[in-house]
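There are two complexes below, and they share chain A, which is joined by chain B in the first and by chain C in the second.
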Partner chain A sequence: MADDPTLKLEAARAQPLWPRPPAWAVALGLAAGGFLIAYPAIFPSPFSLHLMIMIFLYALMAQSWNVMAGLSGQISLGHAMFFGIGAYAASVLFAKYGVSPWIGLLVGMAISALAAAAVGLPTLRLKGHYFAIATLLIGSGVQIVFSRWEWVGAASGLYIPIERTSPWLSFQFHGAKTPYYFLALGAAALGYLLVWHLRRTRFGFRLQAVRDEPEAAASLGVAVSGHKVLAFMLSGAMMSAAGTFYAQYVLVLDPERLFSLDISILVLLMTVLGGSGTLWGPALGAAILVPLSEYSRIWFGGTGRTVDLIVYGILIVLICMFRPRGLLSLIEDRLRRREGERA
Partner chain B sequence: MSGEIILQAVVSGLLMGLIYALVAVGLSLIFGLMEIVNFAHGEFLMLAMFASFWLWALGGLDPLMSLPLVAAMLAGAGLLVHWGIIRHVLDAPMLAQVCATFGLAVALRAGAQFLWTPDFRVVADPLVAGRVQLGPIFIGQPQLVAGFVCLAAFVALWLFVTRTETGLALQATSQDRQAAAVMGIPTDRMSALGWAIGLGCVAVAGSMLSTFFYIFPDVGTNFALLAFVAVALGGFGSILGSLVAGVLIGLIESLGGLLISPSYKTLIVFALYLAVVLVRPKGLFGRF
Partner chain C sequence: MTSLLEVQGVTKRFGGLTANSEITFDANAGEIVGIIGPNGAGKSTLFDLITGFERADAGEVRLDGRRITGVRPDRICALGVGRTFQKLKPFADMTVAENVMVGALARTHRMREARDRALEALAFVDLLERRDRFARELSTGQRKRLELARALATGPRLILMDEVTGGVDQRTIPGLIELVLSLKARGLAVVLIEHNMAVMMRIADRILALHAGRRIAFGPPAEVRQDALVVDAYLGSADHAA
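On to the complex of A and B.
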C-alpha cells in the first residue's frame, strides 16, 4: 500500500516546495511594503523621490538581467540595447505619431523580445562565452546604429514633446514626482512578482535545470537552447519596459546614455553583488549601488562617475573571488546555520 | 573607383590587421589555456599605450625604444592578474569568471579616466614619421614599422611555442590540461606564463599603436571588440588562427569602410562574428 505510486505522488504534491516564510519575514515584508507606500508622504523632497525612483528602476533592470544570468546561467554584456530600444520605441511613436507611450511600452517590449531572439538563436546553442561576446558586440553595434540614424535624431537624440492635457495617457507628470514614484514602484513590483511566479513554474524549474546541469536537463527532454532563448526574450522585454519608463521620466533620448555600456555593467554588478539567481539579490544590489552613485555624483561633481565606476569594478572582482553567490548568501548561510542548530 | 584606392585600402587594412592579430593572439592564448575570456584585454592595450606615452612624455623615450620596457611591465601585470585574481576563480562558475575580468576592465578604464582625464593624447614627435610612396600608393611609415614589428613578434611567438620545450608544454596544457599535469607539466605555471605572454603581445601592439594613434582611456574598447571577433573567427585557442583572422578583419574593415560606408565599418566586422557563429562556430582553425 505504501508503495502505491499515485499515493506517493499525492504526498509529494501536498508537501510545500519551500518552507512557509517565518512570521518575522512576513511582518518585515508588510512593514517594508507599508513604508514604500507611505514614503512620498514622509520624504516629499524631489531628490529623495528621485533616488527611490532610480532604485526601483534599477531593481527592475537588474532583475531582468537576473532572469537571464541567474535562472538560465547565460551572461549578457549588452543589456543596455533593450533599455535603449524600449526608450526609443515608445518615445519615437509618441513624438512622431502621437501614440500613447503605454502602447509604445508594449511595442518596445515586442521589438526587444524579437531582437533577443535574433541574437539568442544563433549564439545560445553554443558555449556561454560565444553568447557573452555576441551581446557585447551587438550592444555596441546597436549604439552605433542609433547614433547615426537621422530619422531618430542621430547622435543628438530626440526630445519628447511636452504634453499637458492628459498626463496618464501621455505618461508625463512634469514637476510632480509622486506619480512617477508609484509607477516605478508598481513596475518593479510587477517584475518581481512575475519572476517570483516564474521561479515556481515548470518553465522556471527547467531553466534552473538548464543552468545547473545542461546535459542532464537535455537528457530529460528539456530543449536547452530553446529555453535559454525564451528566457532571453523575457529578460529583454523586461529591460525594455524599464527603458520606456526611464525615457518618459527624463523626456530626452540620448543614444550615448541609453545604450551605454555603463548600463549593461550596472545591471550586472547589482545582480552579482546582491546575489544572482536569488529573487531579492538584484533589489539589494540596486538599493546599495544607486544611492552610492547618486551621492558620489553630488560629492565629486563632474568627476563622480569615474570614481564610482572604479569602486564598482573593484567590488565586482572581489565579490567574484570571495562571494560568488552575492551578499544575500551571507544572510542565507546564517539562517541555514541557525536552522541546523535547531534541528 | 580606381584600383589604386582599393590597393591603398588593402595595404592599410593589412597593416592594421597585423595589430588586431597581435591583440587577438593574447586573448586566444589565455582562452586556450584556461577557458577564460579576458574581458579586460582592451584595457591592457590602453595601459600599454599610456605607458608608452608617459615614457615618451616624461622620460623622452620613443615608443620604439621603450617597447621592451612596456612589454616587461605588461607581462608583469599579466603575472599579477593571474596570481591575484584569475587563480581564485579558475574553478568558479562562468559567471564569476566573466564578471571578474569584466570588473577589472571597468576599474582599469575608470581609473585611467580619473588619473589621466578622458583627453586624447598623441606622441607628438615619433622617431619614425612621414610616409613612403610605393608605386601608386602611400604608406605611413609608423604603420609600416608597426606592421613589421607585429609580424616579428608573431614569428617569435610561433618559434617559442613550437620549438622550445616550454612552448611545447604550453601547447600541451592548452590541449589537455589534465593530461599535461599527469605528464609532470606545472599547469598553473603555464597559465601564468600564458597571461604574461598574452599581455606582452598586447604591450607590443599598444607600443606600436601609440606611434600613430590617439591615446585615451576608452581606446582599448574597440580594439578588444575586434579582437573578440578575430578570436572567434580564427578559432578560440589557435595562434595561427588569430593571425589570419586579425589580418582578414583589418582587410574587411578597411575595404568595407571604403566600399560601403566608413561609419559602419565596425558594424560589418560585428556582423562577421554572427556569421561565424552561425556557419562555423569553431572558427577557421579552432578546436571548438
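On to the complex of A and C.
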C-alpha cells in the first residue's frame, strides 16, 4: 500500500541525508577541475596566469563575504579591513622578524577573527543597518590608522624583502607565476570546500535560519547574536587569508589599496551578481568582474577605472531587475532538490 | 501540585500603553488553554513575555516551578517551550525538511538524527510529501503546519500557538483541530490564541479572556461564555461566535 503513512515515512527515512548531485553537475565539476589544473600549461603567458590568480583570490574574498551576508544575512561594508590585516600581519612578521608567511597567515587569521569579534559583539546585537554602517566607518578608520602608523611604513607602506633561498617557505617565486597560480587555486578550493561543508553542519543550518527569520531561529533554540558573531569571525579569517596571499604575490604593502573601500564593495558586487547565499555564486561573480576590471584597465589605460565602475553599476541594476537572487539562483534551486521533486 | 506553566501577575508597558496588566493564569500538561480577546487585547504580547521575546515590567513566568522571566528565547526553547508566530516566519530559502531540521537541531548535534526527527514531525503535520520544496513555495495553511512541525521538532513540553486557524482555507480547519487535540493526547500543554470561537469552545479545557490588556475571565468554556464581562467586551459586540 503506497498510501500507508508509516511506509511513506520509512521511504523518506531511507533516502540519503543529502541529495546526490545530478550526473551533469559531476561531469561539469570534473571538467572544470581538469581545465583549471591544465590551464597554466595551455595559457602560460604571465597575463593569463595573473588574470586567473586574481579570479581565485577574489572568488575566495567574495565567498568570505558570502559567509556573512549569504549565510547569516549581515551586510558588511568593511571587509577590506580583514584583507589588509592579513596582508600586514604576514608581511610585517616576515620583513621585521623573518617569520615565514605561512605562520603569518595563521597569525593574520587569528587577529582578523579577534577584530571581527570586537566589531561584531557590540554591533551585531542591533537590528537594521547599524552593522553595515559600523563596518563601513570602522573599515575606513582602520585604513587611516595604517596610513599613519610609522612602524609599518605609514602611507608609503612597506616593501617585502626579496628572499631567494627557500621559495616555498618564504612564499616568494618572483618571475614564476605558476606556483602562485596553484597556491591561489588551492586557497580558493579550500575556502569553497570549507563553506560547502559548513552549509551541511548544524552551525550552517542555524546561520541560514538566522538569515531568513532571526526571531523564529531564536524560538528554535538558536543564540542569534552569538551565531552572527561567530560567522563574522570565520568570514574575517577567510578574508584575511586572501590578504596574506595577495601581499606575498605583489610584495608591497600599500594601505591605500589594501584597505580600500573598492575591495569591500567589489566582494559585495561579485556575490550579489553571482548569487548571494549560493555556494558557487561568488566564484561566478569573480569570474565575470575580475576580467572586466583587468581588461578595461588595458583597453582604457588609467581612465579604465571609471569605465569598469560604470559597467558594475549597469550590471547591478540589471541583476536587481531581472534576477534579484543572482545569476546562479535558478540552477542551485534545482541542485538542492531531490530527484523526482524536480518539477 | 504546581502547573507546568504558571504566569503570575505579569505586566508589560510600551510607553504609555499597558499591553498586559497583572495577568495571571496557568496551563497543565495534557491541557489546552485558549486565549481570546479582541485585537489589541494583549494576546501576542503575552506569548512574547512567556517565550522571552519581551521582558515583563512586573510579575513572573514559571516553567515547572522554575522562574524563566528575563531568560533569552533560545534558552527558553532549550527548557522545553515551543511557539509559532501570528505573522508566519518560515525560513524561505531553506527546504521544508531543512526548516524542521533547524528545530530538531535544538535537541541533537547529529544531522542524520535531526533529519529523522524532522521527517517524523513532518509526517505528523501531514507535510511529508512537501519535504523537498522550498518553504516559500507553500500555501498559508501549509506554512502554519510547517511552523508547528518546526516547533514540535524541538521536543517541547509546552507549545504556544498563535492563530491556528486564522487565514487558512476553511476545509483545512478540521485537520488543524485534530493536530491540536493529538498534541494534548501526547501530554503536551497547549496554549493557543484563536479567533474562531466555535473552535475554541469545543477544544479548550480552559479559556483566558483578555480585554485591553487585562484578564476579564479565566475558566472552563461554559463558564467563560456566560461571563458578563466577556459577553460585553467580545462576544456581544463583534459577534465572533457566528
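Operating definition for what follows: the second predicted complex is superposed on the first by the 306 of 343 C-alpha atoms of A that agree within 3 Å, B and C clash if a C-alpha of one lies under 4 Å from a C-alpha of the other, contacts with A are read in each partner's own complex, and residues count from 1 in each chain.
Convention: a residue touches a chain if its C-beta (ideal position, glycine included) is under 8 Å from a C-beta of that chain, and two chains touch if they have at least 3 such contacts.
These numbers come from a predicted model, not from an experiment.
S.K.: On the A-aligned overlay, A:123 touches which partner chain: chain B = first, chain C = second, or both, or neither?
M.R.: In the superposition, A:123 touches chain B alone.
S.K.: Between chain B (first) and chain C (second), which does A:136 come into contact with in this model arrangement: first, second, both, or neither?
M.R.: first
S.K.: Just chain B (first), just chain C (second), both, or neither: which does A:96 touch?
M.R.: Neither chain B nor chain C is touched by A:96.
S.K.: According to the stated criteria, A:205 is in contact with first (chain B), second (chain C), both, or neither; which is it?
M.R.: So A:205 only meets chain C here.
S.K.: Chain A residues in contact: does chain B have more, or chain C?
M.R.: If we count touched residues of chain A for both partners, the winner is B.
S.K.: With the two complexes superposed on chain A, say which partner A:219 touches: chain B (first), chain C (second), both, or neither.
M.R.: Touch partner of A:219: chain C, not chain B.
S.K.: When the two structures are overlaid on chain A, which partner does A:197 contact: first (chain B), second (chain C), both, or neither?
M.R.: In the superposed model, A:197 contacts neither chain B nor chain C.
S.K.: With both complexes overlaid on chain A, does A:69 touch chain B (first), chain C (second), both or neither?
M.R.: In the superposition, A:69 touches chain B alone.
S.K.: Which chain A residues come up in both lists, the one for chain B and the one for chain C?
M.R.: none
S.K.: Which residues of chain B touch chain A once you look at their complex with the stated criterion?
M.R.: Contacts found on chain B: 31, 37, 39, 85, 88-89, 92-100, 102-111, 113-114, 221, 225, 228-229, 232, 236, 263-264, 266-267, 270-271, 273-274, 277-278, 281.
S.K.: With touch defined as at the start, can you tell me which chain A residues reach chain B in the complex?
M.R.: 69, 73, 75, 77, 122-123, 126, 128-130, 132-134, 136-138, 140-141, 144-145, 148, 261, 265, 268-269, 272, 276, 303, 305-307, 309-310, 312-317, 319-322, 324
S.K.: Could you list, by residue number, the parts of chain A that touch chain C in their complex?
M.R.: 5, 8-9, 12-13, 17, 19, 200-202, 205-206, 208-209, 211-213, 215-224, 277, 333, 336-338, 341
S.K.: List the residues on chain C that touch chain A in their complex, please.
M.R.: Result: residues 51, 53, 72-74, 77-78, 82-83, 85, 89-95, 98-99, 101-103, 105-106, 109, 111-112, 114-116, 119-120, 122-123, 128-129, 131-134, 147, 150-151, 154 of chain C touch chain A.
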